[in-house]
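Consider the two complexes below, in which subunit A is the common component and subunit B and subunit C are the respective partners.
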Partner chain A sequence: MSVSVLVIGAGPAGLSAAVAAADAGAMVTLLDAGDGLGGQYWRHLPPERSSVREARLHHGWPLFERLRERVAADEAITVLTEAQVWAVETTGAVTVRVLVGPADAAGREPLALAADAIVFATGAHDRTLPFPGWNLPGTFSAGAAQALAKGERIAVGRRAVVAGAGPFLLPVARSLTDAGAEVLGVYEAARPLHAAKGWLARPHRLLGAARKGPELAGYLGHHLRRRIPYRLGAAVVEARGEGRVEEAVIARLDADWAPVPGTERTVAVDAVCVSHGFTPRLELPIAAGCRTGPDRFVLVDADQRTSVPGVYAAGEITGIGGVDAALVEGRIAGHRAAGGDRSALRADLRRRRAADDVARRIEAAHGVRPGWRAWLRDDTVVCRCEEVPYGRLRDTAAATAQDSLRSLKLTTRAGLGICQARMCGRTVEELTGAAPASAADTSDQRPLAAPIRLGDLAGLATTPHGGKDTQ
Partner chain B sequence: MNADVVVIGAGIVGAACARALARAGLSVVVLERGAAAGATSARGEGNLLVSDKAPGPELDLALHASADWPRLAAELADELGAAFPSVEYQRKGGVVVALTEAGAEPLRAFANGQAAAGVAVEHLDAAAALAFEPDLNPALTAAVHYPQDAQLQPVVAAEALLASARLAGATVLTGTEALGAVRDRAGRLVGVRTRAGDIGAGAVLVAAGPWSGDAAAALGADVPVRPRRGMVLVTARMAQRVRHKVYDGDYFGATQSAAADLQTSSVVESTPGRTVLIGSSREQIGFDDRLRVEVLAQIARRAVRLFPFLADTPVIRAYGGFRPYMPDHLPVVGPDHRHPGLWHATGHEGAGIGLAGVTASLLCAQLTGTEPPLDPAPFQLARPSLAAHLGGTP
Partner chain C sequence: MSELVPRAADPIRPAAASPLRITVDGATLEGLQGQSIAGVLLAHGRTAWRTTVAGHPRGAFCGIGVCFDCVATVNGESDVRTCMRRARDGDAVETQDDGTSNDGTEPGERP
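Up next, the complex of A and B:
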């Protein structure tokens, strides 16, 4: 009998894991909460409005098409889209609870899935540090701007700036201009020295990471062609406007990311797009019992195995290394999860080393530095769902002599809202000095990975071991 | 370091006791192995109920607590000032509902018994119940209003008690576990060992919630506290349609029963954060915190039966904790009769938030030899109903 492999997430990592597992002879179920395949990277127009321009807009589009056609055609691979994993149970075999159907609909079909092996490939969401005015309409996370540009061909504004940190700023600027916006500037918080240290110490390694080198070169070329200023060591430190963004305040930053006084200048804009890196979506692996490392990614060994037997992880949840890392990790995870032989993986193991190197460089060059707090004001909202301002967070932490997230969440309501601290969790931890690595509670834990209607929960069939309903 | 009293545990019970003792003029050191207000006291709800308690010592304690919290909440607010978050004390009243014919009569009888014991009770017919709670399932068969039922924000309450304790001079050492006893030559308990050194103590108070058994064992004693798992669901924010604390009458069955298998009742309440909290389950499964979807489903089924409109409401969070549970369903508040110098304040099961203040008064009075707010005898470790659960004297 062939091995069953369940792959959760159909971005680059999940797609390549599914294909590799099928190649190694497994029966595969691939599921994703989204209504299409491709994840964050290959986000595209829905099929009924497909465009010949996708290939130009996406690096590696032909590869995506190959993967997509393969998972559709292969009888050994069952694909479920609009399949939201909302909980993971570990009381018996690791069991994944799924609701299948449109995200906001009532009465989605419930599934409980277990398999010989599970591959988590749930990716990351982009992280935005707060700054005064970031909650004004017209301010977007770069990821949201990117998603609208790639998925809907909508530009979030006519005159935009892109700011934050990391190589992701460049593709965002590019998508915006492709969707018709004028991008007035890209502001990268890392200073030239850090960027150079991260990227230039061993340039051959960078080029060795299959596509990342040429891809970055392509973005830079695009910037030059479009004459978009690309400034290192600068940030949007405030957005201003009556009811919506009208201007962005840009300042130079020191090496710690603290604004250099006197360097502020304002630019008239109608959109500000910011991204300060990525936060891995860890709730499912954590719920499955997988250990995470001090850097807060899922710990995996050379075979992409997590600390839980039969559970693998690949892609951004194991480190932010970009699409090439995701693809190669997915292949290794899928192949090994299916029981494939390690000797077949030599080339992939080499590629992963190069990809790991890229991940380290990104972190070294663009990792968040503590000086950013200097641009906060007392009334800067930190948690947008519950509208908790920085001053209240700081004062409550002082009044309760508290640095643990659990208490602070409940005394300030920061992180208790609808996004369940996906947006602000790490920011709150940094601002209050919480030490998540040693804490029992971190903002990464969410036993419910997605909202579920009470009616749907109530409608779940009673399982025999669940005890009796006393009614 | 030395103190008159070392308190083990900075949950709400330890915090309240530390405050009372420090305000009585004693020097107090609180040891907390994790973060303050981070364990059970941050994993439950904040009901201060008289409605779920049968006549007896726990109801007496609850009636005291119910009378005392308005004063305590006001005192804390005064002392800590406007910058401190509110403990959100709300005496919003409870409405207990039966939805079956079989459940109606026991609920009425239970309420009449409570009325005789001094609880304010108002029987409601269906129309009156629906006037109280317009979105309630109209198929209800009996309903009782308990105006004394109240609620608090448990974590703010614990933090406020602790902040007040600090202002009265108590020292709180977080990240500091009580590892064992320091004894004098005669073998008498004179302090607590920690990784940061010994702390000399005139008295040691175990207020370690569901871990009190282990904490006492480290000091060479035993106390039969066990964990009883409970889960709570939280909805997304919404326009508030639940006005009181509303629950089905099965709650009594669950709190008063010692059965180990899963029991749920739905206590539905809205919070000032505009969410609805739905609790909770009761299971004796040790310290097993693995998620069980069936438990959540059962809580949801009961909630939707009470308030059908909730079926469309999204749940955004589920959390749970371990109630510190005594085999005879009464907390222990007083000295350890076998170990001079050792005291306990623990075992409050599902009522420790509401009962923390009165527990502290009762403990402090016994320890300082002043007049207790009520008879401490039923809460002694030496009570007959615990005899079978205790080891002998050393």
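Up next, the complex of A and C:
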């Protein structure tokens, strides 16, 4: 009898895991919360508005088309879209609870799925550090600008700035211009020396990173062609406006990302798109009991195996290495989850080393530096959901000498809103120095991976683990 | 202002989708099949549709279903992430004001 493999997330990592597992002879179920495949990287137009020229908006689109056709055609692969995994149970075999149907609708079809092996490939969302005005409409995460341009052909503004840290800012600027927006500038917090140290150390190794090198070179060429200024050591330190963004304040930063006084200048804009890196979507692996490392990614061995038997992880939940890393990790995870032989993986193991190298360079060059706190004001909202300002958070932490994240959250309500601290969790930890009591007490731990309606919960013969409901 | 790339000017020229109509707080908005509800609103230049407890406007922020800023009541169901929900012809969307709960009480009166 063949092995059954359940793959959660149909981005680059999950798609390649599903195909590799089927190639190794497994029966595969691939599911994703979205209604299309491709994850964040290959987010694309819905079938009603498809385009034969869509490849122009993407890198590696032919590869995506091959993967998509394969998972649709292969009888050994069952694809479930609009399938939101909302809980993981570990009594006995690891079982995932799924609701299938339109996002957040009542009465979606409940499923409980288990398999011989599970591959988590839930990816990451971008992280935006707070700054005054980041809660004004017209401020978007850079990922939102990207997702809306690729997935809906929406330009989030006519005059935009893109800011934050990391190579991701470049494709975002490109997508915005392709959608007709004027991009006034891309502001990268890392200073030139810092960025160069990360990227130029041992340049021969970058050659091994198949897609990323040429892709980045392509964006830089694009920048020069379109004459979008790309400034290193600069940031949007404030967004201003009456009820929506009308101006962005840009300042030079020192090597620690603290704004250099006197360098502020104001530009009129209607969109500010900001991302300072990525946060892995860890709630499912953590609920399954998978150990995470000191850098807060799922720990995996050479076979992409987590600390829980039969549970694998691939893609951005194991480290931010971009699409090449996600693809190769997915292949290794899928192949091994299906019981495939390790000797078939030699080339992929080599590719993964090159991809790991890219991940280290991104972190070295663009990792968050502590000086950014200097752009906060007492009334800057840190937790968007509960509207907790920085001053109150800082004073509460100081007054109570809080060392438990949980009690700090209960006192201030920071991180207790409907997003379950996805937006502010790590920032709150960083700003207050409040230590999680244990790995299971970090902001990454969420008993429910998605809000679920009381009516649906009552209808499911299961023990709710507590957590916030939407009604 | 947010806007939809005009089809004729779009280098990738997506297929012409058939139109749909939704209502937002009773007013009719035209959209296209395949758009998310947030997409319909943004295509009309609307970047805010929710009001927070403190009375501040919010709209889409993360665009991929993780921040919950863009939630609205859709066909009577509250807290639907509009960036994740495809619009369907006839959808009745009501914007949410967190300063007043659904039963009309002020936030301080809530249990």
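One rule holds in what follows: the second predicted complex is superposed on the first by the 454 of 471 C-alpha atoms of A that agree within 3 Å, B and C clash if a C-alpha of one lies under 4 Å from a C-alpha of the other, contacts with A are read in each partner's own complex, and residues count from 1 in each chain.
The definition used in the following text is that contacts are C-beta pairs under 8 Å (C-beta built on N, C-alpha and C of every residue); 3 or more make two chains touch, one makes a residue touch a chain.
Here the structure is a predicted model, which means the values were calculated and not measured.
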### Query
Taking the superposition as given, does A:T139 touch the first partner, subunit B, the second, subunit C, both, or neither?
second
### Message
Contact-wise, after the overlay, does A:E89 reach subunit B, subunit C, both or neither (first, second, both, neither)?
### Response
first
### Message
So in the superposed three-chain picture, is A:I154 touching just subunit B, just subunit C, both, or none of them (first/second/both/neither)?
### Response
second
### Query
Where does A:R446 make contact in the superposed view: on subunit B (first), on subunit C (second), on both, or on neither?
first
### Task
Tell me which partner A:A33 touches in the superposition: subunit B (first), subunit C (second), both or neither.
second
### Query
Who does A:A117 touch here: subunit B (first), subunit C (second), both, or neither?
neither
### Message
Taking the superposition on A as described, I'd like to know which of subunit B and subunit C A:R406 touches: first, second, both or neither.
### Response
first
### Query
First (subunit B), second (subunit C), both or neither: which does A:L282 touch?
neither
### Query
With the two structures laid over each other on chain A, which partner does A:L67 touch: subunit B (first), subunit C (second), both, or neither?
neither
### Shared subunit A contacts, counted only where both subunit B and subunit C touch the same residue
106, 417-418, 451, 453, 470-471
### Residues of subunit C touching subunit A in the complex
1-6, 9-15, 17-18, 32-36, 39, 42-43, 47-48, 52-54, 56-69, 71, 77-81, 83-86
### Of subunit A, residues touching subunit C in the complex
33-35, 40, 45-51, 53-54, 56-57, 102-106, 125-126, 135, 137-141, 143-148, 152-158, 178-180, 243-244, 270-271, 281, 384-385, 387, 417-419, 422-423, 451, 453, 470-471
### Task
Report the residues of subunit A in contact with subunit B in the complex, numbered from low to high.
87-91, 97, 106, 112, 287, 386, 395-396, 399-404, 406-407, 410-413, 416-418, 420, 439-441, 446-448, 451-455, 457-458, 460, 462-463, 465-471
### Message
Give the list of subunit B residues in touch with subunit A in this complex.
### Response
34-38, 42, 80, 83-85, 100, 153-156, 159, 162-163, 166, 172, 233, 235-237, 250, 253-254, 261-263, 273, 275, 278, 283, 290-298, 300-304, 310-319
